[in-house]
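Have a look at these structures, which come just after this line.
Two complexes are shown next, each including chain A; its partner changes from chain B in the first to chain C in the second.
Here is the complex of A and B:
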């Protein structure tokens, strides 16, 4: 009999609670005090208010950094581990930057609704990151995506925006339905909706045999993979992404491609790698009954298709959309490694978490560039960037660093992200090494391919003369996110350990393995020995 | 001066300079140029200090020339106290520096110098100073140009210094970007195409290198209980000397060595470049501005050769031995192909570019002529020739590209059919050109000759056909070089009457290169082999030990199989 809830137990949900209430306050403020104000002023007041909310959330998280004082009954449903803490923090930071970014550009007049939805989408992401229970996970997923559907279609003047929103909505709701069906099957098979309990049930029933002979389980896993595939935009479930990314207002695109993807990947790690680990693969074979083989195909297809499709794009947002599909592919390789590994899974999962952080920072900065284009030219053609390197050298150099980090050129943080993920992939013991080696080789070849389209942006900025309609000077709302993201990247490039180690430690409980010990590498252990 | 400071300053000084230049006001172009020149001169001075610390007694007390890099590296170990803090990691003055950098990936900040890398560090320092002087006439985005030039210098130095594979890879990759922009912004008409081609080729090559590094890192070992440096060896190390030592033990079996070798080979042959990966080179050279061509040919190509000497062969000696015939044949083919292609060019710069392909073929051939039984000393000729070729070619090719630049600046054409008769117009220029081109051709007494002779000498006992082909390619080389000189300088051509001869700045650039072309040809032993020799012998001994231990293991294994079969019968 679990202990009854106490009010104090809900303290762990304080960041989510704060943002929810803040969203309501935004609406009240907008319809009440600011009713008579027009355009930019109203936007800036609301934006600043949201900014305060985001910063308060971050402060609250810092204040509750000692998250594990005492176990509560709530922990079984909403995790309060360090992964939640770090990624709630990331979501709050991303939210703050997206709020800042939104202040650059008058794409709508309904700022109250816009900001409230933005805050609630962030709440959805945070709950999704923490969800330990399938129903809650589904609700969080829906809360996040429904807010994002609406935000995507928010630019009423642009037909593309409505089209993108609709497409996102239709694809998203179908995938949600499939996902829900998968959840119900799993509930039927295991008799529980809690991920931890699910794992122990499966561990008893089928510890090593994978999914062989288990048709219902296979269907359930397939449906869940389809659901996650849509959320993280993996091929072949990616069709919504380019259109939604292109149609949505640029700050929202930034939020979809970073926050929503990051949260979905955390949920994927919790549910598939942790909860359904016994169904991953049959012992001794990677390509066999189990969801791992399927994920390998998704990973290979996503990175290859994403990169090839990006080669042909002339629109910056579409280009970044396809590149983020490719990044989902790389990340799936890491997820695979985490589930295949015998004793080092937490390291692989830690590498995935590290990569997610870096990916989020780089991508947000890149979308800030797209916002700049949208503000001054109305379109997002890469050609619009011509000659930018000579008009705003500082920001252009920042963008160079962000893009190179996305390619994975050393010594930038993106390289260490890829390196740690691929290194851990090869570090997985005999079972999967060969398949993973091929996947890693494919991923590296793909990184080179990606250099081709990222350098098109560099080429436009530095090798071309300015066009007839050049970009105007940047304002703080555009400059700040670019510079902030670049600073984070530069710090992480010089000292990757700052984040690698916390991420590896955070991934320990996620994978269900003790992580505090064994972190020290062999070299250190050896040289510490007398 | 502590060696930690010296080795770090070799790459950090240009990097700091690169940032410093950004702080100089935009209008003060002269100040920008002077700062850049001062930084390159200082860097060159540092590399000379490194030479002094390595060569002269008693300065080299801790790093005498014949103390192998491996021993010196071994004595620098990172030690921790009981709290896990680093206590000591470095022995002063031994030209090896080691400290932890990213412990979670086992990546160290780990630099070291020996004879082979020192030669290239000196070359880099010198060519950078000259390239900086040659850049005086650049007037477009001056600040950005010199900043990128120094960034490039920093990464080139880093590549030659790094002893940690990841650090090596990082410096290797950092080189690409400044080069991309230097070609792409300041290049000729088709600069965008040339720049992206350069970038993609090299990036693709580096993927092969990265995969090879990762395999070397993760390979679980084909032979149980290998002892390296009196410790049980487990993989998961990026420590280059340690991995080289492991490669001698048979820890990496024949199959994996072949893979590792092949991956490294492809990666570095792109950079070298060798047929069939050379097609980026003519484009890059033709489009690049003169100083960048000098650096590209003088230093950047050597990174490929250095990778072969330092990584490909010592990390996979057995794989190299198994594939050596093919590699040697590829090298020979490159020599002949490059020479023939050079002969067919009408663009002066493209001709010099193809001559680089031809000359770099000698590096491949010298490395691949692996006659390790009964006596690896013959092979030492090949490796020595390859290493010397890198320096000699670094000097002559930088000079040749500079000379092409001089005439292009005046005549605004590089078309060999339009040039001609320059001997009478610019006698000083003609004299320098004759000397440098003869040096590149391999005229006895000049630097190219020494390298070619050593390589061909090593090739004879290895394979007669290849040796004869390589030796006879000298005729082709003489053919295109003499024909070029004839087309550019001899005869009469009224069109070029009144062209200025070389001015003082140009003479300053040419003088050291001329001097080295002659001196390296006359005194190779005193100037280079005296201090490079021990390192070369160490490398050769390592490769030979790795290759022969592997062949022995294999023989033993085959013997065992045979006995088993015999028993079965």
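Here is the complex of A and C:
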């Protein structure tokens, strides 16, 4: 058998390769040259080194932005499309900000291992984003989550860290096992592990009947939804999230709630919306046999439960954990809208991709605030934020913008994200219109509900006197991520089409349909509003 | 004939798996697990994958088992104590759910399903054909594969699955690095002042066992 790949084919994996090698270099540096240095100095040197790695990765991505080259056999296994490019870029950016954020707080002594695992978690996310084949997809998923389990339990001084890590690990490994079982059933049914081939086999056999009369397929889909539901923290597979978020060091929490969720959603889009599209629903009805009906239930439960549970939280990280469960619910609405319609689906998928970007930016900034609390107070109670608006007005205003964007208040990017996602859900055509209408109505009601608990943070910052033990002045490691995320948000609020358009274009091939020429941008979407 | 053989192999395998989960003594559980690995090797032989069977015995029955036993011996609590015992109120619903899942799986697979309009998957000795498998990913024909399995597996690992193979290597590195970082005791690795601080975390709140939104 001749070697199927040329060395040059692996160029598309260059960012992942760079980060892998960088992780090894960090370890060598830590155990060799820096061993005798004091903790904070060692942390800063290693952090800067990782920062350089992250920036180099972004530079490499800009350098490899050309997808128009000849197709290679590797493309069937590792995608080289524009989704991969954009979201690898997002992962690298998130990684860079998390690395910066980690330099704020001395929560561990093992900085070499910490940064190496962080870089390798990013490698897992990038491969997961690009994976076109089930074996690779599963390994990438494990790579990502195993790094995150370990990082969650990294703070030896806090028992909650170990507790969170253990819960994350136990839930995670069970759901991975179920997910793998589902994948093996899919392989048995379709005879292939490649997502593209899977799609064409299913298209050939059962293009319109959904999952009716196909019990094995239904079980496979169910098991896979368990796996994805865990990774994106959708109700009822969310129990790990608040504890793991609370226990993990704050920069890691930021990475779990943004990077890992984003990568899992891309994998979900590729595998379910693209690969298993023929199993989505029976033609003409949305609630019948098919995975779309189940996803609708997950979405509704996640939105409602997440928001109601968040109302009662006093710990900022737990509050954000429940709010990110709710956001997973909103995103699932977009995902199922994408799979309902054939000719409009790519717009919904594009809206989901856009929302993922906005969500990642807002949430990372919010967790930077939690890092600040953890640094100066040791806990993450919302009370600790009292009076922050007068002590550091600039960062407080940035946080206001981030939180309002998470709520979805009009002039901000989060509003455009939600608007385009829900609008496209309603525009998908006749099939399942009523179900989608209900879901969108529920999502809107939930957005209003979410304003209550986000406002509590704002109220603490601006309307209360500073507590006895107020937050100290921020350092660069905390200020930079908050300001950077806010800048991204502000730019996207002013010109949403900067990102909406490329996202919609990128989503075309995902839905199995080339994006049409002359895409509607957001302005046309707005003018179509009923 | 092959069905009888399969039952003769799979039956003990099932028993071993159950004993692994149910035995209170961790050493016993590990030994049952090793026995189960051996049964898996037998199943590989039944599938005409002798090379994989040999690997299974060498790697799992040999190396992994020893690693597992060392791991257990180096940790303190071998015998299950009060904390590892579970109450009936937990066991009964969990058992019901597990048995329900088993029933669904058995019913599904016993009905020999396949894709609608295709032969059942259990009746075909080969992988179901897939028109969409592209020429670059052509499967090697059956007979040479069996006769020359090591080569085929090597080709596959270094061919189609090379990225996954490398990623698995990185995953093992992650596991080693992470395990060391997690298990090393804080404050011992770097030079410490004389009266080294032991684990001083008594003042922390008791751990929750379930996450209740409060």
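Assume the second predicted complex is superposed on the first by the 514 of 530 C-alpha atoms of A that agree within 3 Å, B and C clash if a C-alpha of one lies under 4 Å from a C-alpha of the other, contacts with A are read in each partner's own complex, and residues count from 1 in each chain.
One rule holds in what follows: a contact is a pair of C-beta atoms (placed from the backbone, for glycine too) under 8 Å apart; a residue touches a chain by one contact, two chains touch by 3 or more.
What you see is a predicted model; the values in this text were computed from it and never measured.
With both structures placed on the common chain, the touch criterion links A:76 to chain C but leaves chain B unconnected. When chain A is checked against chain B and against chain C, the one touching more of its residues turns out to be C. When the two complexes are overlaid on their common chain A, residue A:140 makes contact with chain C while staying clear of chain B.
When the two complexes are overlaid on their common chain A, residue A:423 makes contact with chain B while staying clear of chain C. By the touch criterion stated above, A:117 is placed in contact with chain C alone, chain B being left untouched.
Touch criterion met: A:501 reaches chain B, while chain C stays clear of it.
In the superposed model, A:404 makes contact with chain B only, not with chain C. No residue of chain A lies in contact with both chain B in one complex and chain C in the other. Within the complex formed with chain A, the residues of chain C that make contact are 104-105, 107-109, 111, 113-118, 121, 127-134, 136-137, 140, 155, 158-164, 167-168, 170-171, 173-175, 177-178, 180-182, 184-187, 189-190, 201, 204, 207-208, 211, 213-214.
Those residues of chain A that touch chain B in the shared complex are 390, 404, 409-411, 415-416, 419-420, 422-423, 426-427, 433, 440-441, 444-445, 447-448, 451-452, 455, 458-459, 462-463, 496-497, 500-501, 504, 519-524, 526-528.
Of all residues in chain B, those touching chain A in their complex are 77-80, 82, 84, 102-106, 141, 166, 169-170, 173-174, 176-177, 180-181, 184-185, 191-192, 195-196, 199-200, 203-204, 207, 210-211, 214-215, 217-218, 231, 234, 236-237.
The part of chain A that touches chain C in the complex is made up of residues 1, 3-5, 13, 20, 24, 27, 39, 73-74, 76-78, 108-110, 113-114, 116-117, 120, 123, 127, 133, 135-136, 139-140, 142-143, 146-147, 150, 153-154, 156-160, 163, 167, 188-192, 194, 196-198, 200-202, 204-206, 209, 213-217, 219, 239-240, 242-243, 309, 312-314, 318, 322.
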